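First chain written, first letter: the chains are A, B, C, D, E and F, and each begins at residue 1.
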């Protein structure tokens, strides 16, 4: 058998890679990025430190829990610090070779201090799930089995990281949850306490969305942008406020799409599958026009 | 560099944990729950025992298949029995320390006896997929690649477990499938034979839904609850019949939402993206009003 | 405790298996199929060979990249060749025992030659993502974190395999992406360059769909078939052209459903949640009728 | 190709197994034994708890060491307790089915309390190695690289377990070290502090040997039994005192063999390769007769 | 930092490799050899099939043992067949590309048929250990903890393979045991039943040694060759009979060296550390001259 | 059951650890050491780079070997550089916090340049084994199965590292081989080409030993120090020349012990089990006095 021309393919790929790097004005050796697999481990450890009885080692004994939390936290923060160094170096092409140990250490420490408030917020989310789902028997079950909670653990961690300027790590963390749950929350979104997403597959919450407390979403709800203005050069204008605001106690049913920087007033209910592009006042109830049902015509 | 105050964080998290446990009237040492990772292995082994040629060891030889099925089944049932013990203990806070070996053994045995009927039902589901998808070339391919079948293997296992009262394990099993396929079937739902879900992402089937035989669903179909009545104390009424009934031979196209304890009569077709909250008779065809198409206005 | 009757269950399962195989006119020893787990590794290696700096070993040094690409490619092609042999043998029941080494080697070589063009196409997809998403900061981030790109890497590899007749492997490859991203692209679909899928959960692109260049889709968009004609024997007609054509520069917003062999003319915009079953000319803008908003009625 | 008669072999092996069990007067289902692999993990964790900076996680940070020790100890003691249960059940054939949870817990606790004294003794052994080997640069290096220390960590743990009656576990623990170092110390032997074994391959120390403090052995030293008396029935007399006593400050050079219940008086030196079967007084120097050296005769 | 000249080193190594291959009259692509890691797994599985209760899955249940043995045997024989193919191809340079499937299958089958006799022989070895060691409490403990038994399991498997002409695999199997136990038995040696090696580190048994039944060896015993005659070209004469014969019931104590094609008559005892190069008649007792003990001279 | 007082044990261990560190004049946070597990991987990769066909990926294809060597070398050197940094920092307590990146890089590069000469030397060792062992069939078999070669691969790598001042890493590397083979070669020893150790268990070669070319050793040979002089303070004098010199073509049979800074003249033969403490001229043949054989006295 003739050999596969592997050397030729390797060199063709190398020249494509080289020119792709040049187009992006990168040197031939691009800086590293934070690594998704490392962050998966890291978030798993953080979740175990936050909820050791439910998301940690299932056989842990009562008298060893604090030891376990400390060890797990230490591992998680060491790994996180490593990833932070990569993000800082990636964003500082003007300082090649700089290691960023001290900055990464400081940022990891600032993140760590937010873990207790994150846990408190997640406790309110668990309450909301228990109160909002007739199928839920206990808070413990919700914690181990509800994808909405898994997504919120990732989001609330990522949101703190995003606030510290670690936008790449933050995005990778929410994408890990997106992949596992089908729930896509941008780490920049602002979400109040007692938040509950049921089922969740297909939920999208955009970068500048603002969600009050006691809000409830069902599967396939989009809180998106309506349009994407370009600047004078034809480039997208980035980062402006373009996603909806949901006030406290809003409920959005499955498949609803809410687009643009509009406000859904508090206690409003958005029905399933509707399409909303204008603000609605408090206590509104938005529903879809009814569908037609008719008999299937007899075959000819 | 100043050290991260890890001890302080550990103790703050401990006191939050402690008060969360007290709010739920739990002792300081909460009972264990069944573990998702253990159940992932367990279902993988059960699937391998059900379909050893396709979902088991890919190199297994013909003369060793029964040995393989027996070994795999034994591993799966041992692990399942362990998880059943945890669920029984979790649900019996009045009997702390009780091990539940005998009950778990009995329940695992009762479950094991249902494996042949589960396999027979799954064979009808595979037939339905083959007959229902123009892109399908063989039943073997469907078994290894269709997410709808993966979801049904999990659901049909979970439904038997749910019927034995093992609601936590059952829910974890269907959530494993939900995470992998985007198909969210509550283990309490009742689903007849020859069931086919195509593509599947975003499908939600609620706890009290009843589905006949020869039913076909496409992606993003919701069979949900319409509303959530509260009792006199303002708490949700749990577990009542609140999801739709789909009679035999019903087809529901992508994105349709069917809510409440309504009945879709046999041989009916529910069109894509429609919203149905009232029962429809047999042989109905429910469709959405058409959309408007108009030219994009010229820019000013 | 009474023992679980494991022997009895094993033999019952064996007889069910036996009769299921006979119904499919298979011998008692069915041929092997390509294995999903092997293909997961394989695609991971191919992605690492295509984008070694971002999707390969995160610690790889600049001077070792070509070594790394060559090694990784070699591993991937060896594994692929193995899986190709299985598919060829599975599809050739008339030649039992034939090993297909030479054919598999040739097909693996033909596939390998398409890797540079695949990389070039993916570079245009990355450009499209960068230009199409206001939240994107750099192409590097997109490559490591956007599910749409992950799905396209799988699709573009699978499409080449599908073109070589390796339909089972191709389908398994796109299902791997489907499971991770919720994006379900049939490997037979034809997709031009500069393609961008944002968020992506719930996107379905059917087997005979044709998509031009510079097309953009949002989450939960379906490009599906409208109906499924049967032949004179009541069997589904398979493989005919039944999915939409999207011309260049078309944009389809979240939740839109486009069904049947229709054409969406170039530069058209399809609004969110709409249902399109007829062709639309170039530059069209299709939108949904607006929903009704009314105050929540006071409780009685 | 004809199939290998695997069923036949399985049944032949089963009948051999059955009759072997009957010969040992065991029921057809033999009780489990402690598992070597589990004990390997267990001793690795205990060593990490004793010397966390050198034998634990190499990246552990200073402020997390106590957390790490606690977590590791908890894991080790849980596993040990499990293995203790197996040994207790194995030795109690008259109580089939008994779980021995409480006794195992008590024994694990008694073992745990001996960990600080074990660490103190090992510290003296490290001192002895540092003072006894001209090639040693630091105590830290000795701890990570000297097989004699590895063997002593296992022995000192095993000796405590042996003292608690856990003879099977104790033997498995010293065999783990034997396999890694070639040093075979019976857990029943009594060994004082400041003990040093250099190189170590081939050292054998028997069950009833007694070794004082500040003793030093080189490779291939045997402290063995001289003969094996049988009782009236022709069976070996088991467990009587049959191995040597080495008093304080004795040095035994490579390859020496000391057999029987004899005493080597304090400060004695036993030369390399000698064979000693009679007691020697304190301060003795035992050496081998010199060898003959002569020219190699010229070939005929 | 200057880069390490990795490309240069790779090419230098390649040219050394190339010329080494040429010196051995090999083509530039050398045939593969059986792989040690694969054989480690394989022997582990064979040992588990021979002694499932003690060397297999520690949690296996009684009713599943035959399933377990069959599955494990099937895995082991598949892997073995693969390795046999490699050895056959390596030894047949005149038939490049030949796959040897059928021959390997036949040899694996012939090997498999010898497993029951191997088990029976090992049962006699276990008896011998129990009867020969005063420290042994039960046959079960011996099976899991005695290195002599581990070495014999490997040897008895390897000896059958050696007899089938699979000399490379056979040697790798005994080297696996050598590495774990320090006991080096050439697979060509012939060893009768009821064989016991105590402690074992340093034992060497040469290729043409013949050992009767009921023989007992202690650590560091060598049964070696005395000299290595060369042929007319100055090359070693290979494979001639050059190692000792030990008749039934011989005992050899620690460190004894027996060299050359001599015979140790039945029931003889060879003392520790002696050097024997001439045959001894039955019932002999060979011992070393005694050593001198004198007081350590007072320091000047 | 009463809880095990794990907190108490942790704190007792902490205070013992603390005082042990103080005795060694270390700060409370001791510097890290190179890690054995990391070096095991590292040497495995180096061996694979040196002998890719035999000690690398067994399925590697001919056209990919250089890619494989480059990738493996890169991984090995990255890991080595990391371990070098740890050794440099450990040995520089006066420069706490210094990272030593540049020095480690330089040292790794200097090591890498010695790989081709190491390979050339090992090729002579393989030749010597082939020529010296009547049981050897091919050089390929020797490479994969002879423990003497495994030990020499580790030694020759370690010796170069030792020459670069990396004494801790070098020692760990030879200890890895010691554990696997029972052959204990100090990395400081100087060993010429065509070196062969047969069987090898129990061989010890001391730090300052010098071995010429074409030397052959059998199992359990010691090249050791005769005595250990102390300085005026009673401390061992370290690192002086205290081990034997073996000139070219010397052969030493099993169990021989050669002690002190003596010279064994070229072409000498040292017989088995002898004890040599004085120099012998070239062409000497040193043997043991013969043992006595007498009949076993009849029992009374």
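Going forward, contacts are C-beta pairs under 8 Å (C-beta built on N, C-alpha and C of every residue); 3 or more make two chains touch, one makes a residue touch a chain.
Note that the coordinates shown come from a computational prediction; the quantities given were computed from them, not determined experimentally.
Separation of chain B from chain F in touch steps, taking the shortest path, is 2. The greatest centre-to-centre gap from chain A, using C-alpha centroids, is found for E.
Comparing mean CA positions across the assembly, the chain most remote from chain D is C. A straight line joining the Cα centres of chain D and chain E is 24 Å long.
With centres set at the average Cα position, the gap from chain C to chain F is 53 Å. Among the residues of chain A, those touching two or more other chains are numbered 4, 6-7, 10, 59, 61-64, 66-67, 69-70, 73-74, 182, 201-202, 220, 255, 271, 273, 288-289. Chain-to-chain contact here is organised irregularly, matching neither a line nor a ring nor a star, and falling short of all pairs touching. Inter-chain contacts, as defined above, occur between A-B, A-C, A-D, A-F, B-C, B-D, B-E, C-E, C-F, D-E, D-F, E-F.
Residue ranges of chain D in contact with chain A, taken from their complex: 57, 59-61, 63-64, 66-75, 78. Across the complex, chain D is touched by residues 3-4, 6-7, 10, 61-64, 67, 99 of chain B. Considering their complex, residues 49-54, 58-59, 62, 65-66, 69-70, 73-74, 77, 101-102, 105-106, 108-109, 112-113, 115-116, 119-120, 123, 131-141, 144-147, 180-182, 199, 201-202, 218-220, 254-255, 271-273, 288-297 of chain A touch chain B.
Here chain A touches chain C in the complex through residues 1-2, 4-7, 9-14, 16-17, 20, 24, 28-30, 32-36, 38, 90, 167-168, 171-172, 175, 178-179, 182, 184, 186, 188, 201-202, 204, 206-207, 220, 222, 224-225, 228, 235-240, 242, 255, 257, 259, 267-269, 271, 273-276, 280-281, 283-289, going by the rule given at the top.
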